[in-house]
Every structure is written in C-alpha cells, then in structure tokens.
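The next block holds one structure in the form of structure tokens; read it before the comments.
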Amino acid sequence: MAMDVKTQYLLRLADTCLIHSQRLSEWCGHAPVLEEDLALSNIALDLLGQARALLTYAGQLEGAGRDEDQLAFLREERDYRNIILVELPNAAASSSDDGGGGGGRDFALTTLRNAAVAIWLELLYERLQTSGDAELAGIAAKSLKEVRYHRQHSSDWVVRLGDGTDASRARMRAALAVLWPYFNELFAAQGVEGFGPAWSELEADWRARWATLMAESTLALPRDSAMQPGGIDGVHSEHMGHLLATMQHLQRAYPGGVW
Amino acid sequence: MAMDVKTQYLLRLADTCLIHSQRLSEWCGHAPVLEEDLALSNIALDLLGQARALLTYAGQLEGAGRDEDQLAFLREERDYRNIILVELPNAAASSSDDGGGGGGRDFALTTLRNAAVAIWLELLYERLQTSGDAELAGIAAKSLKEVRYHRQHSSDWVVRLGDGTDASRARMRAALAVLWPYFNELFAAQGVEGFGPAWSELEADWRARWATLMAESTLALPRDSAMQPGGIDGVHSEHMGHLLATMQHLQRAYPGGVW
Amino acid sequence: LAREAAFEARIDAGDFIEAKDWMPDHYRKTLVRQISQHAHSEIVGMLPEGNWITRAPTLKRKAILLAKVQDEGGHGLYLYAAAETLGTSRDEMTAALLSGKAKYSSIFNYPALTWADIGVIGWLVDGAAIMNQVPLCRCSYAPYARAMIRVCREESFHQRQGYESLLTMMTKGTAQQKAMVQDAVNRWWWPSLMMFGPADKDSPNSEQSIRWGIKRVTNDQLRQKFVDATIPQAEILGVTVPDPDLKWNEVRQSYDFGVIDWAEFWRVVGGEGPCNRERLAARNKAWDDGAWVRDAALAHARKQASKQDAA
Amino acid sequence: LAREAAFEARIDAGDFIEAKDWMPDHYRKTLVRQISQHAHSEIVGMLPEGNWITRAPTLKRKAILLAKVQDEGGHGLYLYAAAETLGTSRDEMTAALLSGKAKYSSIFNYPALTWADIGVIGWLVDGAAIMNQVPLCRCSYAPYARAMIRVCREESFHQRQGYESLLTMMTKGTAQQKAMVQDAVNRWWWPSLMMFGPADKDSPNSEQSIRWGIKRVTNDQLRQKFVDATIPQAEILGVTVPDPDLKWNEVRQSYDFGVIDWAEFWRVVGGEGPCNRERLAARNKAWDDGAWVRDAALAHARKQASKQDAA
C-alpha cells in the first residue's frame, strides 16, 4: 500500500502508543501493589489518549474516511506500524502467546519497557511540539506533559528494582537482555521534512539517558545487537497476531455493531 | 434459541471434543519430552476428528445448512455447549487468560484432565455405539477405539506423576483441586430417548474408575464440590471468550474467505 | 460503662464518631469487617471487568472501562485507608482476603461473559451497590462516611456510563447486540438482587448495625427500592427482567417480585459460585508474583535511608 | 590407516556404512553434526507452524496442520535415533541445542505472520528442504539414508498440501486472501533460497562431505534446481517472486536470479535474526518446565523396577 509519508509517520507513533497501552492494560487488577495497579492503568490511559488523537489525525491525513476505531480495529496485522518492542508480551520466553493478558506478567520487563518508551516519547514529543504541522505540534505538547510523568515514575521503579535485592537485579538483567535488541527500532523510522524528525536524531540523547539510568540502577548494558526489528514496516513478531485477535475480536465478530 | 434436543445433545459432545482438542493443540512444540509432544498432538487430532464428525451431523440434524466450520467458528460464545472443564487454560491461576497458548502450560493439569475426559468419553461412547441412531452409533464405535488409547496413555501418566516424586505429587494434588469442581459437569446433561443416555448414567462408573486411578496414583480425592458449571447451557467461564477470539479470528477477519 | 453510655448517646444524637474517639470494641470490629469487605469487593471487582479491557469494542469504550476499573482500585485505596484508621493494617486485611477468611461481595463470583455484561454490571451491579452505599454516606463513623461520599459520586458516574452503553446498543445496535444485552440482563438480574444480602429475617448482624448507625436501612427495604428504581429503566432500555412474578402492586405503589433462589445465594457465598476459586487464585497469584517487587522496593528504600543517615 | 583406506574404498564403491562398521572419526563427527542439526531443525521448526494451529481457519486445515507439525516431531525422533547410532545421546544433542552451541536451520528464525505463511512454508520451505534432502537418501551412512527416505516421503506430502492450500486461496479466495499469499511469498522467497547455505565458494565443509558421500550435490547446484522447479509453480499459482533480476536464460535452460543478501544470511546465522532468541527461549522453557515431569517419570520407573525386583 503506497501511503503518504506523513500518514505513515503518524501511524508508526500512533500504533506504538496504542499497542503499548494494550499491553499495559493487561496488568489491570494484577499488579504487585495496588498503587502500581493505578499507576499502570493511568499510563495505559494516557497512551490510549495519545493513540486516539494521533490515529484520528492520521485518518484525516489519509483522507480515506477512516476514524480512530476503523484504524485501531479493522486493519490487517501487516498494516500496523508500531515498533515490535511494545507488542512483546508482558513476560518473555514463549514463542506463541497470548493476547488476553494471561501469558504471564513480568514486572521487570514491563518496568524497563515503560522507561525505555517513556524516555523515547519524551524526546520525540519535545521535537514534535515544534513541528511545522500545528495539529501534530498540539498533540505533542499535550502528550509531553504525560510522558514526563511516565518517564519519572518508571525510571524510579527501574532504579528501585535494579538496585534493590539480588533477586530483583537478576530479573531486571534478564528482562533487559530480552528487550535490548528491540530497542534498535526506536531509531529506525525516517523523518518527514517540516513534520517530524528522523528517529535517528533521538538516538544519542536516548542512549545517554538510558546509560545514566542503567548506571543509577547498577545494571550493565548488554553488548550491541544487530537485530533489525521490522514493526515500523509492518513486519511484526509472532505475538502481534495474538494481540490483535483479542483486540479486534468484537469489531470482527459483530460487523456493523454500534457500541 | 429453541434447539432440537438431539442437536443439543450432539453439540454438547461435539463442542467438548472441539474445545478439548483446541486446548491440547496449544501444547504442540512445548511438551516435556518429544514423545509426549507427539502423543498430545495425536490425542488432539483424534478429538478434532470426533468433533468434526459430530458437528457435521449436528448441522444436518439442525437443518439450517450449517457445516462443521460454520458451527465451529461462527457461533457466539453463548451458543457453544462444551463443558467448562475442557475450556480451562492448560495452567490454572489467572482469571483473564489466553487463547493462544502462552498462558502457561501445566502438564499436571493437562494430564489429569485428559484422563478424566478420556474415561468419561469411553463410558459415553460405549453406550452411544448402541444408540438407536445409526449415524451416531457409527461415530461412537469409531471414536471408542481412539479414546481407549487416550485413557490408557493419560492414566499411565497420572500414575507416573502421582506416584513419582514429592514435587510431582504436589503438582498433581494442586491440579486436582483446581479441576475437581468442574468434573461435576461430566454428569449434568439430560439424555434423549433412543439417542443417547443421560450423562448421570455414567457417574457411578466414572467415579469408581476415577477412584481406582487416584488410589493407584496415591492421590487423595478432594471433598465434593457443590459447584454447578454451566457450559452445557452455554454459560461458560471467562476463559472461553479468549479461546474463541483466537480460534475464530481468521473466519471473523476474512468473511467470505475460502481456505 | 459510662463511656459506653456516652458513646450510645452520641450515636442517638446523630453525632459522627472520629478515629480518635473512644468506641466499643464490637463497634470497631463491625466497622473493620464491613469496610474491609467493601475494600476487598472493589479489588476483586476489578477482575471481571479488567478481563474485558483488552477486548473493548471501541477506543472510547476502552478508555471508559480502563478509567472505571482504575476508579475501583482507587475506591479500594480509600476504603483500606478508612479501615486503617480503626487500627488494622492493609497487609492484615490483604492477608485475610487472600486466605479466604475475609469476604467480598458475592456478585463478583459470577463471570463477565460478553461485552454487554460490562454495561449491565455498570447499570445493575453498580446500581445496587449505590443503593446499598448511599445510606453509608451518613454512617456514624465519619472516616467511612467521607470515603463513601466520594465512592458514591464516582459509582453514580459509572452507573450512568454503563446504562448509556446499553442504551446505545439497544437503540442503535444490531439485533445480535440487542440479544446480547437481554442475555446479560437475564444472567445478572437475580445476582444483583442478591447483593442486598439475605432477607431481613435471616440477617443476623442487621439489627445491631442499624442501632449503631452503621447501617441505616434493611436489606429488604433496599432491595425493594432497587427493583422499583430499576424496572422503569429496563423499560426505557427495552429489556425485560427474567422474573415471571414481577408485577406492579397498586396498593403498595411498588413492584412485587419473585422469590430469590436462596440456595444459589448461599452456595455462592459459601465458596461454590462459578468464579470463587478463580477470583481468589488470581488475587493470590498477583500478590505472590509481586513479592519480589515489594521486597526490592523495601530493600531499596532502606539503602537510600542508610545513605542519607551516612551523609 | 589400512582401515581408513578400506573405508574410503567402500565409499568409492558406493557401499553403505552401517552403525557397527568402523568409520573415521571425522566422518562420524561430520555426520553427528549434520544429523543432529537436521533433527534440531525439525524440532525448532514446530514452533512457527505450531503457533498457528489454534488459529487455523477451518477444521480441515487445523487437522492438516496439526498432523504436519506432529510429523515434524516424528522426523526429529527418527533423526535423533539415527544420530544415536553414532554414539551420541539425545540428551547430549538436546543440551547442545538449548545452550545455543548446536545450529538448526536458520529459516525458522523468521516469523510466521499470517495464515498464508503456513502454506508458503509448506510450498517453499519444505520444497527447499526436500531439494536438500533427496540426495541424502543416498547418503553413505545407511541409518541416516533410511531416515531420510521416510522424511522425504512425508515432506513431499506436506509440500503438496501447502501448495494446494495456496492454490485454493489464489483461485477461490478473496482479493484480501490473494494479497496475503503474495505478501507471504515476498517475505519467504529469499530466506528460502538461503536455505541451501552459503555460495559454494564460501562453503568450507562441502568438499569433504561430497567426497565421503554425505553430501551429493553442491549448495549452488541445489539452489538453482530449486529456483528452476519453483518458478513454474509460482506462475500456476499466480504469484510473483520479489526478484527483479529473475529471468529465463535460454542458453543455460535455467533461471538467472538476483544476488542473495548475504549480510542478512550471516546476521541470522549469527543469532541476530528476527526470532533466534525467541526460538531458543521457547525450547529452553519447554525443557525447563518439563524437568519435573521427566524426573517423576524416572522416579516412578525406578519404584516399579524395585517392586519387581522385590517380587
């Protein structure tokens, strides 16, 4: 599908927020402490709000009359443009998995991913708030406030768990090893002149902040990976299909339904 | 939906085979030893074959022109009539779960369930092979040979794991506690004169055989449960929706597709 | 005894009791039991609805449901805090829930099977909860009364959202959706009526609680009030309730309704409902899986504290 | 040295070597490496396809896929058994797989993303595997050759089933389904060509293996044969392959085709493909999760044995 570069740029970001929110919402009711249940739901809600604004705008730019729900629920897997990082299950180590949330929940993996994505979103929204596109700039400015809180909250947890007990450090290390190769995709998308920056522009800052966070957490960085995740081009992991089967179920099963 | 009693009788059995097969197939590639991977796939295949024969016949009796696939993939959850026992995830202890198979796989639970269902199917098919309905009698006679093997194979494992190590006995005991209340539904369906027996007719034999198996496995029976699972009336567990979202996904997402 | 008389006099005068005030042991225990049960109900109640967040049919409904379940967690937090003012800790209360010793509302032992259940839970279950809880906003124990004011305000909002979502399906939806709503009403109607507890004649704690101003209206009175308020709403919605005996009684200016299946009620209260075991297992799993996180947070806090001491 | 000469003479005469026969150490090692890699490939290959069993679109397709994946497990079994005749145990081979020391076919480090991938894996991946394996039915080591005869027969069946399922979608399916098939072909074409291994000039083990009759045809020869056999099938199917340089060469009576992305090939072989880590993690998890089962089976067998001894 030949897609306008702006629409594609938006979808990469919108879908990343959407799918990240979807995975986070699987925690609802299952977190280690009640306060964290509320915090994770809150982050999921913010990301969902960002996804809605971005999808709605992407639909307008696309000009095919698709609203946020048609984009969120009625595309084929290959048309979702999120980074693979956010579609990975909340716990690692199963090839086939679950869209419903029971596939295990690893708070170490979740926390690390939250921090990685929040730092990245903060850097991206900082730049996008001065986008030449006023609508996108507006969404970014509003979202920036939210992701700053996410970054702070999840970074605090990364430090707590990295520099907590031996057991927690071991879990964080294992989770970091799983996620590390997928971080490569945070810097993979091309920019659109006057609209949004190439993600590669974020890389130096992101890596510096991540290194600082890891140092504070007493976690060593894994060696660099050459893996090239292809989510932003619609080539996902095998987890995505399960996630979508769950997420899309009602829209697919009740065509023409009004909810 | 007012349903012919014979169709309903068939669907209760057909859906039980279908959903049992679906759960077993989640093991494919993940079993504790390769031989058992083959055995579980084999049981899943046999049950799938039984489900297909029974669904096809149910569709004919129903007379609404539905074939096995329309019945298997395009009903709403409330119209599936399987017992809840077989829709429970392969590992316990999560309210929301997974249709894709990553929700954990507990070989203790799987083995106990396989044995319980196989003993029950053997008793049921023994009676159904003399059904006044020739088609049903034929399906039962063919299926009986298969489930005898399933019963033997899974009973052997139940004994091995019950009377294996302390760890394996503990796992079996925990799994039995989870499954036990759901066994009640094995005896819940009404009979249809000249077609198939009330399931309550199987209860005494089933309980006797189960008690023998438990004794051989050095596993104590839990105390009786008053739980009344409602799967045969279409009131399922919260797991069923996730299972169906996965199972139905392609049929729902590609209406009119030919596979 | 003088203190007890003074306490009773304050209650009779309609005074509110604060945490620092003296109170009889039985009053304290009754409140801890009731408030912690209520908190547990909010927490367990997150499960059936939380189970649908990943499958919500539109992004708007997903956001509404996520926010609602989050609110329930928030209610749990205030209520645990209110109970803590009575000298019990959240950890103690949690342990009682996880061991099965403490109760929570039996309604959450029923499964949420379709999307329409989410709307019906909002309409009927939250509706019944509000009916139970509004009188508690005038409860004699002030911290509980204050928590309940906030809880009730948010629950009313949830109830309206639930009703609105059903109305959308019933007025704009497909025939399949309408059938889904009716089916959900059929399954939730009687369990909702059971939420008011046993009939007054079988309710052992009610009398003392009413005298102390912990409880203000009887189970049967509340149940009747709920039926009377709900049936007109069902009519607007275009659904029926599964009760052949339901009939408007001109004399009482109230609905007569059928007999509750008390055997089912006691079976579910007794632990043999469709989801009792799974709810408790899910809570235990979340708690057990989270142990390493809580341990690490504690260990880290200690490290920080000792660094500050050293500085 | 006399034994070595005699062995070489038997090979040259086209004799088959049996397990009990003397063989050079290097011959044994080469075979163990190759057979166990092949066995591991069958086992790891169960994962991408197994992942689709729960989502197969019809019951017939579900049964076919389940049987196919089961066959792959069966192939793993015969092949492990064939390797065991060379004096290595299945546990040793499994340990080598799980630690990442042993290799398996790199093709299984690509994800199976849509249902069409299942058909395409059957058509192209099994097709390439057969092309690789048919010559092994004449391998000088008889137990391996016998295993391969059975494997090849079953794989041919799988390949036809895969092709038939694609043909169904392409001839009777919707436009969406056809696009799904083309997309799957686009993603699997080049990885399938990579299945024949590095170009002959970069393939260090080939020469010795060919001399010993373990390998009978070179990588590049097989790759060419595969392309020549497959393109006409693609035409019948109505799909194109994603290679602008593909062209029939009248002189060679064979297809010219574009240059393989060897950087990708080596990246995936080196562990950085899309699924390398997940495949190994899934196998390790299955093995670790199953430890208690294997322990219990062993303990039970011991108990039974000691009871028999006592009797």
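Order of writing sets the labels: A, B, C and D. Residues in every chain begin at 1.
The rule is simple: contacts are C-beta pairs under 8 Å (C-beta built on N, C-alpha and C of every residue); 3 or more make two chains touch, one makes a residue touch a chain.
The chain lineup, named per UniProt: A, B = Phenylacetate-CoA oxygenase subunit PaaC.
Bear in mind the structure is a predicted one, so any value in this text is a computation, not a measurement.
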item: Chain pair with the higher count of C-beta pairs in contact (B-D, A-D); value: B-D
item: Whole-Å gap separating chain B and chain C, where each centre is the average of the chain's CA atoms; value: 35
item: Whole-Å gap between the CA centroids of chain C and chain D; value: 57
item: Between chain D and chain B, distance of the C-alpha-averaged centres to the nearest whole Å; value: 34
item: Junction residues of chain D - those touching two or more other chains; value: 47, 50-51, 54-55, 176, 282, 285
item: Per-residue multi-chain contacts in chain A, two or more chains; value: 26, 29-30, 76, 94-96, 99-101, 241, 245-246, 249
item: Those chain pairs that satisfy the touch definition; value: A-B, A-C, A-D, B-C, B-D
item: Of chain D, residues touching chain A in the complex; value: 47-48, 50-51, 54-55, 111-114, 176, 180, 183, 187, 267, 270, 272-275, 277-279, 281-282, 284-285
item: Residues of chain C that touch chain A when the two form their complex; value: 43, 46-47, 50-51, 53-63, 66-67, 69-70, 73-74, 76-77, 80, 115, 165, 168-169, 172-174, 176-177, 282, 285-287, 289-297, 299-301, 303
item: Complex interface listing, chain B residues touching chain D; value: 22, 25-26, 28-38, 41-42, 44-45, 48-49, 51-52, 55, 68-69, 72-73, 99-101, 105, 107, 159-161, 163-165, 167-168, 171, 246-247, 249-251, 254, 256-259
item: In the complex with chain A, residue positions of chain B that touch it; value: 26, 29-30, 76, 89, 94-104, 241-242, 244-246, 248-249, 252-253, 255
item: Parts of chain B lying in touch with chain C, wherever the complex brings them together; value: 76-78, 92-96, 178, 181, 225-230, 235-238, 240-241, 245
